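Sending over a structure as structure tokens; questions will come in a sec.
Letters A, B, C, D and E mark the chains in the order given here, with residues in each chain numbered from 1 onward.
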Amino acid sequence: MGAEVSDIPWGLVLILLPLMGGMACFLWPRVTTMLGLVTVFGVALSVAGLGWQILENGVYRHAVGGWGAPLGIDLYADGLSLLMLTATALVGLGVSVYSAAYFRREDATRFWPLWLFLLAGLNALFLSADIFNLYVTLELMGLAAVALAALTGGKDALGGAMRYLLAALLGSLAYLLGVALLYHGFGTVDITLLGQRVESGPVLWAALGLMGAGLLLKTAVFPLHFWLPPAHASAPAPVSALLSALVVKASFYILLRLWLSIFGPLVGEEGVDTLLGLLGATAVLWGSVQALRQTRLKLLIAYSTVAQIGYLFLAFPLAAAAGVTAWHAVIYLAFSHALAKAAMFLVAGNLLRFGGHDRIADLDRVVQRLPLTTGAFALAGVSIMGLPPSGGFIGKWLLLEMALAQGRWDLVVVMILGGLLAAGYIFKVLGRAFTQAEVTHKSRAVPACMEWAALLLAIGAVLLGFLAVPVLSVVGIGDPFGVSGVRP
Amino acid sequence: MDRNRWLVLPLILALAVGLGYAVLSLPERTDGLQKMVADKMEVSGVSNPVTAVLLNFRGYDTLLEMVVLLLALLGVWSLGGAALHREAAPGPVLDTLARLLVPVLILVAAYLLWVGAHAPGGAFQAGSVLGAAGVLLLLVGWRLRPGLTAWPLRLILVAGPGAFVIMAIFTLLIERQLLEYPPAQAGALILLLETAATLSIGVTLAALFLGERPQDKGSK
Amino acid sequence: MNVDIYAMLLLIVVAWPLLLAIPALHSRLPWPHHLAIMPAVVLMILPGEASLELPWLFFGTGFAIDGDNQWILGMSVAIWLMAATIAKNIKHDFATPFFLLTLAGNLGVILAADLVGFFVFSAFMGYGFYGLLIYKGDAEVWRAGRLYLIFLVLADLALFEALLLAAFTMQNLRFEEVRHVMAEGSSSQFYIWMVLIGFAFKTGIWPVHLWLSAAFRSVSQLTMLLLGGVPVTMGLFGVVRWLPIGEHVYYVLGTAIQMLGVVAMLYVVLRLLMPSPVKLLPAWASTAVSGLFIAALGTGLSHPVVWHQYEHLIYPFIAILGIFLAVFGFAIGRLPETRRSPALVASRAEAFNLWVERWIGTVRSWAKDRLLGFQSHQRASQRQVVKQYQRILNWQKPGGVGVGWSTRISLFVLLGLALAWLAG
Amino acid sequence: MSAAFLYALVGMGLFSLGVYALIVHAHLLRKILAINVMGSGIFLVLVALARRTGEAQPDAVPHAMVITGIVVAISATALALTLMLKLAAETGCAELPDEKRE
Amino acid sequence: MNGNTWLPLLVIASSLLPGLIIFGLAENRVRLRIALNLVGAIVKLVLVGWMLWGTSQGLHYEMRLVLLPGLELVLRAGPLSLLFVSLSAVLWLVTTVYAIGYLEGSPYRSRFFGFFSLCVTATVGVALAGNLITFLVFYELLTLATYPLVVHRGTEAARRAGQTYLIYTVLGGALLLLGTVWLYTLTGTLEFTPQGFLSEVGEEHHFALIIIFVLLIAGFGVKAALVPLHGWLPQAMVAPAPVSALLHAVAVVKAGAFGIVRVVYDVFGMEFASGLGVTGPLAWLAAITIIYGSMRALFQDDLKRRLAYSTVSQVSYIILGVAIAGPIAAIGGVVHLVHQGLMKITLFFCAGNLAETLGIHKVSEMNGVGRRMPWTMAAFTVGAFGMIGAPPVAGFISKWYLGLGALEAGQGWVIIVLAGSSLLNAAYFLPILHRAWFREPPDAWPEEHDFGRKETALMLLLPPVVTALMALAAGLLASAPFSPLEWAKLIAVREFYQP
């Protein structure tokens, strides 16, 4: 039996199961919540199965249709993919449990199929090793995300979703043109093969420009972050959690993969990576300052996402000299941010449900009544601020260490300032938790599972701080950072 | 706005020039994957290379793409539709035209589907034609009978991606490889998939045109 | 065994009144004041010398009784017995703990075998005495008390410095050794000055006699008695114990101190020429006596030989002086109220006190002004900065509204171009 | 320069034109059309350059990609149009909220 | 010899677990909460006692948890750690008793005691930290755990004070993090080692090391309220009395001072730090703080604010002792860590009692209060004399060693600073005592609560009396075995004389 379990192609289950689940939800709307939950649990189990396989046998590769690259499409999972899949599964689980209580019947029938397709898109994206296939998954994910963002209806949500859709389309079209150029230039769309075949030249530069800009737009890097706050702030809370925690990370993942395997080794000295670092630094500062200025909680969290994404890009200028450690830091930051940010948006959802608004200045009436929720926000905040011993701390520690070792004082200052500003906006909210005020308006009860979902995700973000050694050793499977880890 | 236009123009020109430069720097002559496609044509089960790529070599893309289409419909439905169509009675010309064209279109679709195996054509083309027929019908005011809008409609919409997924699982169980058709049955299986896909695509396009979700019997 | 019990008695002499100082205890006992002195009386009656080492107390200290401090002990016991009798008659229950504290301190000072013990118990005595000094408070007494307290703190500081210096120079702080070692030490002059200043403050030696005269003007019989008997004698006793007299010739220093003593006596003579209130007589007496004593000390420092001739007389001298001053003070204190108002002196002392107070007040308000003014100025400038910053930020409104879509796509294109260009 | 490159250049031109239109037009329908023009440009590039095999048969893979791309574009356009209509119904104006200020 | 690896963790868990459970308790489960608190505090005391005994038997308690390759969380029980741990454990018990009495019937007690326990957990963690990163972890936890306590009252003033507190501490934390990481990039280790671990670092990095020193000291200096980083402390006085007591006597302020001790002794090493020339400026800074704090205290009418400025001044004694660079001064500094804790907590307890029983918050309202509450004021008097440095209270011992150490190190100016500070201390404490004991009490107190025959509730009265007695004992029995002074001597020996 054990042998059979290990033979199951878990990677494929990861894609097919949510697809089937989504279609099932579409066909049987009456039991949609149950179908959705079962599917998501199944996906989580499959990630565990895949993880086990990868730990046992190393890198997972599957030639779809038996053709193999370059003719066919390869699925590929190394430590990096596994980590992203794990993050997806964990956040997905939390959000799903939350959503089961959050959405009422009518909304549930709309939410679940879209979310399961989004999950399928994410899983497919993290498993793909083919840049055209990545485009398709990107669109799958993008359309699902837009539809989810528009779920609440109303002016704000629709406007936000529209903006999001246009940005997403612009980004993916730019990416697609880059794919076209790369294919016609080097005759393949498989990442590994491309990595072997590419050579520097106008085609590569143009492709980098197009794909880079497209993915940066989708990742919402400053100054291309404009679509993110309205979209994330006006979506329903679980959707915001998914968008901030996972969707943005997915396009970053593609960018990272492309950089590591295709572009990184070939581009000129200290050009692109400096630019990316600069964008990241600006994003950190700008996003944090904007977050600090917000008067509504969800916008604050959304701008915090802008800032936290900035951190991911600080690794690019450092990677040339520091190699693998820089990417470790990035991966760790992305992972812990996914958990923490999901928790934060869920918290915002709880507060919204309880108090009917998310104006920070009036939160004091709400926060005290939901201690678990407040605790979740605080714990998630610990990770966002990068305070020890959270996952965010490990990431920031690694980044800081490298920046100091390389004498990059500019980045050091940015990171420290970013942390301080983060503390500013986190405590802007938490400070309300202790003001004594009467509850003057009617409030709606918040189901326990909604509170616990947020809390568990936040605890996860903090616990990550203790798991750095195993997690980073898993990430190293398949040597995803080997190619451009150190510039020759 | 106008002021912006002049600022943007040089930027766009630079973009166009850059892209053009990149295109011109491509090699004059290259095979791409054509050789490889040609080599594998015998085992693909079809003789039209595009169909072979779409449904066999890169069938996984097509699977996801069917899902994208379904997803778009889901998105549109979840928005609740805009309901801007006026339910005016069509003129007699349109009515007659529709009566004449729809059967023709369905026939054309069937032909395209069949011919796709060895010549340009295939599920997408056929589906589009089918969709056009649906649009025409919708324009003349034809609606599904309420009894058909719930389960049956959904089943047809899901048929395309569903067939793909089932095929994927089936091949996985048989060949231990996703979407690896047994060479002998490849042609038949592909045709089966294409038929389901055509149906789904046609109906989905029509449904997208309609915009709103057809009223179920049960819900209001 | 016997010796041990005798040595333990040393500890009991000091610890017993301390224990009794707890209100819950002494309020339940009859004659608590007298009871507290009993062990000391016993110690007086039993002849012999003894010492007790207490290594766990502070940095290790001890008590000892020998021929020298027996004199002083005798005098103190006598004075305190008198005081106890007076105190029994006046009902001020909250003065009792202070009485007992001062008593314990006094006995501790006398019996202490080293500098640390002396210092510690003199603190007990000093602060306890403050309570006795002002327990029957009116504004005048408080002013005297305040002066006393200031001088006390200063005195303790000076002595602490001396103590540190001693401890730095030597391991063991026993009196007999201090005298030799400190005389040899390089910083002996500084040490001597510190000791002198410290005890001058404590004792009210001219020119820092202010608190003494202020205190004598206005207090009860009990205090009048103790004022003469306790602080002054203990100060003189301390000076003798602490100073390395008779070891070395400190000619300049000694002469200067001699002069000081002489001037003090002259000053008293001058004051007595002016119309002086009767009530202040004990104060002038003690100032004069301490002046004399200081002059003698100066002589001892400058001419050790002379000192050695009179050394054995010094303790009996202090003892007699103490008794005399106590009795004198007590007697004057019993004089009728009418003969007590010394208009001239009082107005002067008051003027001086007022001057001190006003000066402190001025400094205080100046500091307040400066500090607060500075702060408010700072706040205003901070606000300015914040405003400017907000203005800068306002180019994008929260929620992403403000900069058009077109600008953003342009940025997007620009970014793509930049990436491609940088890559090339 | 072969015909393939000519078409590809036209494709690139279309793409750039689409970007331009996306920037300068405020109306959402125009923006959606601009996106479609961009997509068409890309498809043109893909198909045109597939002709460089020099045989009778062009490269089939880009063709397949284009078909996939078209389906995706249709889906996205459908969603975008519905969104636009909903937004217009909600706000009375088929433009993005921030665009109206300019 | 190795002792039980888990013991340090258990010491931490003994307050963490009750804290977490208390968070979950309903507001009205008073008995259970009290039981949990007391059991936790007593268990911790027992465990610490066990550890003390074991260490004196030569056992070595250490626990490690790998955080990143080369970066470990280490809990270790060394002499310095034990000194601070014992202080925390003892004072926690006392403060818990006090807090139970103080907060009787007030709202949000679960939250209060939960964070209170967390606060102690963090303090014990700080004490047991075996390397800089562990220290940092618990130091930040302390920031987070204390914030809710500062703003506990929920008033506008409390919120503002909390904000100020956060701004200062978070900034400090950032500097600390920066310094730590930088140090790590230079040395590759952060393990606390007697006499430091920097001697291997090359000459070319010495300038960087100086900056790191400044960063670390600034980071810790915020909590230790070194001028000019002290601004948060007086404001934080809006917190309830047990919090102020704990904040000022043990947890926050001491954690900062303890951090500076660690940096100077176990990171840089005394010798190396003097070689860099950084201890001199540190000593000056401490001296300025001592004088400045006392000067400000002089002008405060609010009792707790006066005490707060007094803390600003007194904590720098510790830093001064460390910075003087001599074994005897080191003894003075380290022992003051304990002594100041005992004395200051007494003072704050008393201030709390006055406020709780009679509604007295200001010095000017304290006339004659000694007659109304003799026990409280007796304890207060002991504390105040300790602060002045008058014998026989513990403060005298600290001052003695500081002064002696300064003489030994040839830095006579320190004596002047000490003298000035004592003078100022006397100037702001003695008037209080005078008022309390000798002035006539007013006809009515601002807000009197009736406690029957007793002067106040027993739970409020016992803690200050106990701590005052401890402060007295620490002074009187300074040379007895296991006294704080003896421990401090042990630590100094380890720092200065071991090869």
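Rule of thumb we're sticking to: contacts are C-beta pairs under 8 Å (C-beta built on N, C-alpha and C of every residue); 3 or more make two chains touch, one makes a residue touch a chain.
Keep in mind that what you see is a predicted model, and the values were worked out from it rather than measured.
Enquirer: What's the fewest number of moves from chain B to chain C, given that each move must go to a chain touching the current one?
Expert: When the steps are counted carefully, the minimum from chain B to chain C is 1.
Enquirer: Mind listing the chains that sit against chain D and also against chain E?
Expert: Touching chain D as well as chain E, we find A, C.
Enquirer: Suppose you hop from chain B to any chain it touches, then on again the same way; how many hops at least until you reach chain E?
Expert: Graph distance in the chain contact network comes out at 2.
Enquirer: Let me check something: if the centre of a chain is the mean of its CA atoms, which chain is farthest from chain D?
Expert: C
Enquirer: With chain centres set to the mean of the C-alpha atoms, which chain is at the far end from chain A?
Expert: Using the mean of the C-alpha atoms as each chain's centre, the farthest one from chain A is C.
Enquirer: Taking the mean of each chain's Cα atoms, which chain ends up nearest the overall Cα mean?
Expert: E
Enquirer: Please work out the Cα centroid separation of chain C and chain E, and write it as a whole number of Å.
Expert: About 29 Å, centre to centre.
Enquirer: So how far apart, in whole Å, are chain B and chain D when each is placed at the average of its C-alpha atoms?
Expert: Inter-chain centre distance comes to 17 Å.
Enquirer: Could you tell me the distance, in whole angstrom, between the mean C-alpha positions of chain A and chain C?
Expert: 71
Enquirer: Can you give the whole-Å distance between the Cα centres of chain A and chain E?
Expert: Chain centroid spacing, chain A to chain E, equals 43 Å.
Enquirer: Check each residue of chain C and list the ones that touch at least two other chains.
Expert: In chain C, the residues touching two or more other chains are 400, 403-406, 409-410, 413, 416-417, 420.
Enquirer: Using the touch rule from the top of the page, what residues of chain A touch 2 or more other chains?
Expert: 132, 136, 139, 143, 146-147, 150, 153, 163, 166, 170, 177, 181, 183-184, 202, 205-206, 209 - these are the residues of chain A that touch more than one other chain.
Enquirer: Among the residues of chain B, pick out those that touch two or more other chains and give their numbers.
Expert: 1, 4, 8, 12, 15, 18-19, 23, 26-27, 30-33, 37, 57-58, 61, 65, 68, 71-72, 75, 79-80
Enquirer: Please list, in label order, each pair of chains that touches.
Expert: Here the touching pairs of chains are A-B, A-C, A-D, A-E, B-C, B-D, C-D, C-E.
Enquirer: Considering only the defined contacts, which chain A positions touch chain D in the complex?
Expert: Listed in rising order, the residues are 132, 136, 139, 143, 146-147, 150, 153-155, 158-159, 161-163, 165-166, 169-170, 173, 176-177, 179-181, 183-184.
Enquirer: Along chain B, where are the residues that touch chain A in the complex?
Expert: 18-19, 21-23, 25-27, 30-33, 36-37, 40, 56-61, 64-65, 67-68, 70-72, 74-75, 77-80, 151, 154-155, 157-158, 161-162, 165, 168-169, 172, 175-181
Enquirer: Looking at the complex, which residues from chain C come into contact with chain D?
Expert: It is residues 400-406, 409-410, 413 of chain C that touch chain D.
Enquirer: Flag every residue of chain B that touches chain C in the complex, lowest number first.
Expert: Contacts found on chain B: 1, 4, 7-8, 11-12, 14-15, 18.
Enquirer: What residues of chain C sit close enough to touch chain B in their complex?
Expert: 404, 406-407, 410, 413-414, 416-417, 420
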